[in-house]
Amino acid sequence: MARGESDSDGKSLGDRLASTRAMTLALAAPLSDADAAIQPHPDASPAKWHLAHTTWFFETFILRDHVPGYRLHDERWAYLFNSYYEGEGERHARPRRGMLSRPSLDSVREWRSEVDEALQRALPNLPAGALKLVELGIHHEQQHQELFLTDILATFAENPLEPAYDSLDRSPGAKAEKLAWIDGREGMVEIGAPDGGFAFDCERPRHQALLHPHRIASRCVTNGEWQQFIDDGGYRAPTLWLSDGWDWLTRENVTSPLYWHGDGRQFTLAGRRAIDADAPVAHVGYYEADAFARWAGARLPTEYEWEAAFGTFESGQGHQLDRAGAVLPEAGGGPFGDVWQWTQSAFLPYPGFKPEEGTVGEYNGKFMSGQMVLKGASCATPRGHSRASYRNFFPPPSRWQFTGVRLAQDA
Amino acid sequence: MARGESDSDGKSLGDRLASTRAMTLALAAPLSDADAAIQPHPDASPAKWHLAHTTWFFETFILRDHVPGYRLHDERWAYLFNSYYEGEGERHARPRRGMLSRPSLDSVREWRSEVDEALQRALPNLPAGALKLVELGIHHEQQHQELFLTDILATFAENPLEPAYDSLDRSPGAKAEKLAWIDGREGMVEIGAPDGGFAFDCERPRHQALLHPHRIASRCVTNGEWQQFIDDGGYRAPTLWLSDGWDWLTRENVTSPLYWHGDGRQFTLAGRRAIDADAPVAHVGYYEADAFARWAGARLPTEYEWEAAFGTFESGQGHQLDRAGAVLPEAGGGPFGDVWQWTQSAFLPYPGFKPEEGTVGEYNGKFMSGQMVLKGASCATPRGHSRASYRNFFPPPSRWQFTGVRLAQDA
Amino acid sequence: MARGESDSDGKSLGDRLASTRAMTLALAAPLSDADAAIQPHPDASPAKWHLAHTTWFFETFILRDHVPGYRLHDERWAYLFNSYYEGEGERHARPRRGMLSRPSLDSVREWRSEVDEALQRALPNLPAGALKLVELGIHHEQQHQELFLTDILATFAENPLEPAYDSLDRSPGAKAEKLAWIDGREGMVEIGAPDGGFAFDCERPRHQALLHPHRIASRCVTNGEWQQFIDDGGYRAPTLWLSDGWDWLTRENVTSPLYWHGDGRQFTLAGRRAIDADAPVAHVGYYEADAFARWAGARLPTEYEWEAAFGTFESGQGHQLDRAGAVLPEAGGGPFGDVWQWTQSAFLPYPGFKPEEGTVGEYNGKFMSGQMVLKGASCATPRGHSRASYRNFFPPPSRWQFTGVRLAQDA
Amino acid sequence: MARGESDSDGKSLGDRLASTRAMTLALAAPLSDADAAIQPHPDASPAKWHLAHTTWFFETFILRDHVPGYRLHDERWAYLFNSYYEGEGERHARPRRGMLSRPSLDSVREWRSEVDEALQRALPNLPAGALKLVELGIHHEQQHQELFLTDILATFAENPLEPAYDSLDRSPGAKAEKLAWIDGREGMVEIGAPDGGFAFDCERPRHQALLHPHRIASRCVTNGEWQQFIDDGGYRAPTLWLSDGWDWLTRENVTSPLYWHGDGRQFTLAGRRAIDADAPVAHVGYYEADAFARWAGARLPTEYEWEAAFGTFESGQGHQLDRAGAVLPEAGGGPFGDVWQWTQSAFLPYPGFKPEEGTVGEYNGKFMSGQMVLKGASCATPRGHSRASYRNFFPPPSRWQFTGVRLAQDA
């Protein structure tokens, strides 16, 4: 999209850049310097790291590479805040991100502010290639906004004091609709992002795919249904589980979704709260999703089935992230929102897949191993970031995201 | 297949059972009691364990379940030699299989002999369901014959004395043919095992699949080509690798295929031998296969592409296991033989997949996570065991099988 | 000591309590909220944790147990800040101490202030037993002051930005004196703390010990001498090392004292600085100390030999901690200061040893396994905390303390 | 001892060499090739390895070094059967000793036989230094005889079939004598091996030591007493344990001595047998010994106290190993036999300690870290191998030896 153009919301690239950057800052508002420095486990990152890494992205790929005379705020920070781009050289070990009390949260905020100003100043003169990278940077930052919330949830969950990130005043949640089985599309369908408009490289090329007869559930599995699975001994019945899943469950001593306590409550961004039986279950991994489906006499949908079923829905609808604060799945939200939905599809290249050129191409392709695709969006996904062609992906044991389950069946 | 019927080779079920069982015994002939007891690593099993486990399979699912009055040879052995069937109760921990000096190799041979006699005696009166399980048992045992050879190779490779399993007198190997790119089939193809005839549950149901334009290599990657990859720094260039692959390589300090020594030789079932530049490379894992393909400007084929390309070939041709002894990949063998070929397809259920009923259904379905499909067959695959629809599978880092690489390209 | 009495410095217990508590606060002054929250490795604790744990000690064992009507500041904090006292119930896992962004550094400071006021208010009316515990608490807090500095050094050492805790303006260091061999005492000597006056339980009872003919070095091993050991291949010669030491060195890839960089500089509380060849070597573990001694044709002293040699020295002299700020060993400081000195004595009970009564008895006795005794004091030891009878102890691989080497020889 | 001299039993060195070598062979008689190849855990070695390593010792340090023209049986075997002598070069990794099916048990027996013949042939012409090494080799081999039995017990304990090494016909065991407290010697005592006669380097030099008032138990703790400790919750009371011990117990989930089953029986070299309440408890580690002592209101003796108490006893009396076969502690055996007795002394050098010269000096000194001294002897100690000055040593968690507890008290 060229700099003058506006997107479907009528916003220019500069405006969208500014509002995305502002949202990340707003997410950090309730956090102390120490809150923002903690890495709760090796897969999660400190909040401050998210603030810095997204800034590093713009400073490196836009300002350094496309703005003559730009001087880096601090040359040493590239080492600290490069995530995994081999093309950008050595970097700080991922599991040690929680060792960085410096630069302080405030210093990182300052850096953000300088980079933001430089970006806005540079925007009118950037070449088209750089504008594409700005667009990419916006979407990249939105991804980190979601991770910001799930990682801070993981951080506070580690603290026996169970701090709340935010309060959450919510009227009694909606009731879950009765589950219906929707006849899925059959035969040839178009899958993937069309040309034009932003999409990550892994969503392309758009291609034909063949669907076999199937049905797909009208809504996600609820907490109440998950409780039945638990009550029925689901976590103790090895034949319901993939072999790797049973090993994982045994090793980790798993007996419920992550963050559930034995007292009918779960830990959330708003502290410990009663589990809403009608809300979609969240914080379950692929192994659990698969076992639940087997228990229910069903299976998980493929990513193609999911996309064919909901490709015509409005991906901007649903319970998504509209403003900084605590979020929590609730009933009634449609396919795009509340929880990402595990599919039975491994995250692999589409026919004809080509990674982005340059270092930013080290983005999706190199993770195409050992991960499963999730579709939809969650309550922590920034509004505007979701698409039917979106392919989220995580390894099977991952549970700290807002990940849930939608069932399917052979027809 | 009913007991009276004979298969394509004109052999009755009883004959095939007898010859399969005899082959396993013959494979064990060169081994000492101690050779047969060692577990070289947790993924491999002692040779004796293979002899015993395949016998347990027949004793349990045929004799115990279908022969009235049959008494188990030793009730405690079920605990020792059940591999992973949860439906059959608790079992000895897999990584501790090398702790079992008793029962001795000779005792296991005796047990085999008793079970074999009882099987042949029972065969004429078995119900159809049991005959299907005998058929399954034969194929199951053939799989273990291949594992027997790869595990004994792994065992001897651990010994600094580098014992040879067998001698291998071989005339100078064939030259590798010049690599050609075959135009792959495009559009709708039939995939999977047809009804009738034996196939594992995961090969069914036969179903339509959609192929996109592509080419597939006429032969596998050779040792000589792999040496070029090494010489070009392939094992030192992170951007060639999947992220998980680079982590694995770094952690394990991998710099060549398994069993290669720095002296231009590799360890084989016939001891240390010069690497044959024309033979297909073997003992490479998925990560390496994928990195090599990227280096070569190509990719791995999907399992569908592979099956569509070679489905009409004679799967009984090629360098496969014909008689007990040392085996080694060599040039000129066609798609079915020498080395299993990694595909870029994750091992997942076919549309409409149903596991076998009963405990034997805990066979393929529960491993449908974290593994990649391999097609073809290897020099250690018993002749008669291979099929175009065959889906072999291993986790990405696995290298102790005869696993190699066939390239593909988008067209 | 009774409340009205004053110690050798003429200070009352209340004054000493106040100044000790003030020193800890002063140590924390340069730290941000995030600095104080990080746990650099499982053996070290966050700075904030030290501030809180020492406060928990007084709140629990004095205010809660001896001040009628006292209400805990926050009941949940006992779980967070109990170190290892089983008698005080469950506690937060030690390796997870870095997960606590809350309570904030400021909240902990507030708590300290409240507890300090309550302590001073209570002091005049405390029973004798409680006064003994106040005395114990002061010494306990002094120990944590030393750990505070070594742990913050470890924290900043993890940060590639290498932040300085403090500046350190120092005139050129003294030259190391020429090493002399002092004839050690021989025959029967008195060892351990005499009755009266404060000492930890493990320093008692005072008892006779037998010394064999020996010599002891007049000063500690210097950085310059250590460099010779390195240059002579000391870290590459297995026969110089204890078997466990060689395993450790190989596994951890150790080639120099901790914090040494290859550029002739070392990381210190004042950032990276040139290594002073005349200063005592610090940050070496027992295995290294033992290997160095073997290389030098000497051995480490026993704890008895050390105490007999320096028992008449003034333990309050030497380079110790006088005021909050960066510290660093330097030449010329005598036996009490600069670096703790590894002995060849395992930390074991003295003849007739009795642990303190009650929960505070879980203090030294339960660590009498797997640790070696160190004598002397270091530049991070608070002035007034050292005694000839003091028995510091750490496991052989520990290096993050200011630990060095004094040699001995059989005579 | 010179070659012509005979020891106290009137046997010449050659005779003792022959009978020691024969005993090792006899110990191996009941074992199959596979039994002898298994390494049950990294601290234990396969039986075959013991046979080979003790032979390597003589072949290397006597035949190779002192017999002109001697040619090694197989040069590659030195790599396999060197235990830890750095002076002898690289060696096979200790945890991989169970990977060696070759050379076979029979080949090792053949090697033994050749080496034995060469040794007897060489004996008349060996220089004095070599004779000393023969003496050392005999004692070294006796140590391995004890390990042979404890390692084969560990091997068979891993097998769910619980094979018996040997049968054990034993009349009803003696009753335990009533425990009496013996007044220990006080003041100056002589400790260590006198000059002349064989002793390991770590037992020297003989030196004076100072004993403080104490009492020592007249017999070891029995299985019945240990059961009381269990019944009283000894394994669940953290304040009874050293901190490291409690961590170990928790991590390993220890609730009884090793090899005890919950059914009142224990696994032994003669299979599973009823626990004899009167027999000394065996297979307890230092942490357990220390916790038991604390529970009993006592402590462990120091090595000096033990030696002073029993130094005048006949060390050749007691339940020790007289002929190859199953052994088991029983009541009534005196201080030298049944079980080694943990002391509270760390294994450290005696004043004036000097390791043996040459490579054989890498024998005791390099293990002087992280281990505790045990005194006495066990039912698996070859008769003739024990001495009052003997210092056995193992790390605190070790339990697979016949290790038990004798209590002491301050007087």
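Letters A, B, C and D mark the chains in the order given here, with residues in each chain numbered from 1 onward.
Everything that follows uses one rule, which is that a contact is a pair of C-beta atoms (placed from the backbone, for glycine too) under 8 Å apart; a residue touches a chain by one contact, two chains touch by 3 or more.
Every value quoted in this text rests on a predicted model; they were computed, and no experiment measured them.
With respect to subunit A, maximal separation of chain centres occurs for D (centres as means of Cα atoms).
Our note on geometry: subunit A versus subunit B, Cα centroid distance of 38 Å, whole angstroms.
Centroids built from CA atoms put subunit D at 38 Å from subunit C.
The distance from the centre of subunit B to the centre of subunit D, each centre being the mean of the chain's C-alpha atoms, comes to 46 Å.
Along subunit D, no residue makes contact with two or more other chains. Listed by label, the pairs of touching chains are A-B, A-C, B-D, C-D.
Every residue of subunit D that touches subunit C in the complex is listed here, in rising order: 84, 86-87, 188, 207-210, 212, 214, 238-239, 241-246, 286-287, 290, 299, 344-346, 348-349, 351-352, 362, 366-370, 396, 410.
Contact residues of subunit A toward subunit C in the complex are 32-38, 40, 48, 76, 79-80, 92, 96, 98-105, 155, 158-161, 163.
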